[in-house]
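One chain, chain A, appears in both complexes that follow, with chain B as partner in the first and chain C in the second.
Moving on, here comes the complex of A and B:
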């Protein structure tokens, strides 16, 4: 049994690191399609983590959220984003406020801050969770960072759902996920918000003829 | 069960409205639905008066005086807005700005918006409360972008992105709370229920709760419009159709404030009230100060009203932060007063927009001549919102400040003094801008006459509340306010 837990926690560690690496790739890539693939891959890793936690904690409702997460985050949302990218036919890569090399450097700084600040926040019984909370916080902050440096509408959506992934991971690693009803509500909210944002991406493209949110300058003092 | 019924009313109204094509039918259904909700809420008020708190539906709902006051504000303003929408949208339809098909969606989203706001107030589970607050964003994004021109799309995009980011941060606070509650409560399934959390909040880990409160304050504060997270607010509030602006400024920010107050109570019980009170005071004062320059130099009257909402929500945060009996009583009364007065002003703004077809203040002159009723009500509303005696906002602002000065704490007294200077400056800005709009001679040739009976009725309905609180706080409301003070102090 203990053997099992050690194997599991190793696996979760590896998956957590994979999630972090994919988030860094998201910052270093300009092609939108690659970014969406990366997002789908990270969501898959998150789903695996949630499945593993379900299997060794024996809490049944985590299986349900794992299944929904697989359907929604790995298949539906990336599919929807691909659909938008194809429909509005974006060719050129996205502009970043800061150049890619420098933003990777800043990303490293953010990860360091996340690790440093969560070191003593929570005293954990299981050792593996100690690595997971800083990674969850890093993913959330990196998502936020993406929203700040990328001015392109779809990249901002990607940043937002990255933040939400980080939150899911934080919930999983600190307390085996939230109660079922809250998780269901979260999934519903994420799905609806991505759809609404998708619709607005389409409308903004129609009327502004660009997706660069820097051009949104009608409303100012 | 009695609480569930309150939530069913707007959902049923919404689902009927979405199927009715003719506006002259759907407007009556919408008015009737919101009227039933208003009456039902008054009935619930008496229940709370007797039992103090109601737990229902397997502990899913929890209603106490704080929730009932917020739902009461929601239903009052919602009824007025439904009444106003009937006249406003009729005029828009007549001008050919919108189609009847779009109005079906308008009424559907309108009532779903009411539903999500009521849900925020009656829910027991803090996680589901988060879901409901995000739900208010989702229900209203299309209402912000309703006219679908460039500036509306921009406002809607800013609104959904900024509010979603903010609220995601609040989720982290809830996760931390859940984590610390799991260690204390035996029944883990209830670990996010407010009624259970409150009993054991003093056993939580203090530094976790501090962190959680900070995240929740920033997250829900974004939705409430506390500076410096308020940047979406003037855009969204000014671009939405006027009845929706009234709901935004009047009640939506109160619903987010309600979430913050719930967390404030938990945190106070865990680490003592000083920490959360200080944070609330700082955010509150920053909001009031930030709004001043924008009110003084404003060119657009709907944005002027929106920035005034930033000021007033800051004022409420300050009042809660001061923490004395008078301040808290005044701050909670202020949420009510601000809701009715600001909704009233947005209704006036809607009438002006329909008449003058512009939101630029310099193009609007002589409202009192072209729109006699609106002009008079606008003058009263402006005096009320700036806190001129004897109107209702003066009463609540006076209570908050009196409580601040009486506290004896030098820190709070400094805050109160700064606050007095701020509201004086805001008063000057408001009167200067509005005086030129209300009086003076109309520059263009504009026919005289009010928009419609519905809009006038809606304004008179809210004016009634503004006037009544100015002179007399009804005993039922007084009881509710006293109850809320006890809840915030954690004695009940």
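Moving on, here comes the complex of A and C:
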């Protein structure tokens, strides 16, 4: 029995580490389409984690959130982002405020901070999710970091939904998810915000002929 | 007593004898996927035989380093192949060396190759040498750290012990830090073996070559030894990867039936990773030289994370 629990928690650990690796790839690549594929892959890993947690814990409402997150995060949002990329026809790689090697090093520092700051908490955690809280915190912080360093609007959207992924994962791993009504609200929230931001991206492209959000600071044409 | 003789011979046959076959296999599969017919799978053997029969031309201005280099590289890879467990957990030079020695032997081979490329004073050789040093200065830390993450997991730096521990404790194998180390080592192997996202092994175009640039001045038996060493290096690196992270089926003694099964599984595993290399080469273009730090920096950070997560779990 304990053997089974250890194997289960290791499976979740490995999926969590896969999510962390994909987040690092998101910081290390400049191609938008690769970034969106990476996001879809990470969402798929997250869905697998929540499905696994649902089957281990036997809490039924996690199955519902799993199904919704599969539909929304793996299919709808990446499909919508691909649609925007195709529609505004971006060819150029995206620009970053600091170069990639340095931002990878900073990302490493952020992950260190996340691991260090959660160390006091996870000592009292059960073995089920020892790894998950630091990884969830680092995914959240890394999403924030992506929003800061990237200039292009779509990459900033990706950063925002990365943050949301991290928080969802943290809730899932520490308390088997939030109440169903809160989860539903969150999903609806994220979907609407991505759609609205997509429309904004389209407008930014229309008026400035670029996706660089720095132009939004200018008051006059 | 017999095991002392059988084991080294077996490992040498597998690594030295089959390494050109792996190269031929990769070339053949890649040609088929590009819908070419491709050269025979045994073509690297024909090349080696042809080169061994030819006379070597050595530049008058070169020193002894140029003539010694092919032997030094070949022998250092040969020693590594006796430290790495191939078919059995037992290794011939078990007491002599561990992971640290392997890293230093790789460095020794590379150091002499770079020196010899500078030795003849040809411009392309020097360019290839300086690029090789640039790539290896970033690939080596990642390789060291990812191997150390494995060593810390198994509580030993001896490859034979590491494989043994991981073979018997399958829960230890499902460790997140091993997964991170695996990803880092995979990237490093592509860089060290000079395959496509980092270096193109098929070209002799002077602007892009790294490894081929250093071999440009070699001819005859020197060239044969240097090329054989580079294909052995690829097989040794793949063997390390396979036997650390996927050790299932490796024999734990020298029983005949166990060795047969181990060999069959070894062929399957190496074939699979060779296929992965082909897929990577098919789907990526060669990276611009100044983009290589991004790739290897990612590998470095993954290996650092492997070590960090190891300490957090404990």
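To be clear about the criterion, the second predicted complex is superposed on the first by the 210 of 221 C-alpha atoms of A that agree within 3 Å, B and C clash if a C-alpha of one lies under 4 Å from a C-alpha of the other, contacts with A are read in each partner's own complex, and residues count from 1 in each chain.
We take it that a contact is a pair of C-beta atoms (placed from the backbone, for glycine too) under 8 Å apart; a residue touches a chain by one contact, two chains touch by 3 or more.
Since the model is a prediction, treat every value here as computed from it, not as a measurement.
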item	value
Simultaneous placement of chain C and chain B on chain A, clash or fit	fit
Touching partner for A:14 - first (chain B), second (chain C), both, neither	second
Per-residue touch tally on chain A - higher for chain B or for chain C	B
Partner chain in contact with A:208 - chain B first, chain C second, else both or neither	first
Touched partner set for A:105, first chain B, second chain C, both or neither	second
Contacts of A:175 with chain B and chain C, given as first, second, both or neither	first
Partner chain in contact with A:115 - chain B first, chain C second, else both or neither	second
Which of chain B and chain C A:6 touches, first, second, both or neither	second
Partner chain(s) touched by A:70 [first = chain B, second = chain C, both, neither]	neither
First (chain B), second (chain C), both or neither touched by A:26	neither
Three-chain overlay, closest Cα atoms of chain B and chain C, distance in Å	20
Chain B/chain C common contact set on chain A	122
Residue ranges of chain A touching chain C (in the complex, touch as defined)	3, 6-7, 10-11, 13-14, 16-18, 20-21, 24-25, 28, 100-101, 104-105, 107-108, 111-112, 115, 119, 122, 130-131, 134
Contact set on chain B toward chain A in their complex	125, 127-128, 130-131, 134-135, 137-138, 141-142, 145, 148-151, 153-158, 160-161, 164-165, 168, 171-172, 174-176, 178-179, 182, 189, 191-192, 207-208, 211, 234-235, 238-239, 294, 297-298, 303
Footprint of chain B on chain A - complex, ascending	121-122, 140, 144, 147, 153, 156, 160, 163-164, 167, 170-171, 174-175, 178-179, 181-182, 185-186, 188-189, 192-193, 196-197, 200, 203-204, 207-208, 213, 216-219, 221
Chain C residues touching chain A - in the complex, by the definition given at the top	171, 174-176, 179-180, 183, 293-294, 297-298, 301-302, 304-305, 308-309, 312-313
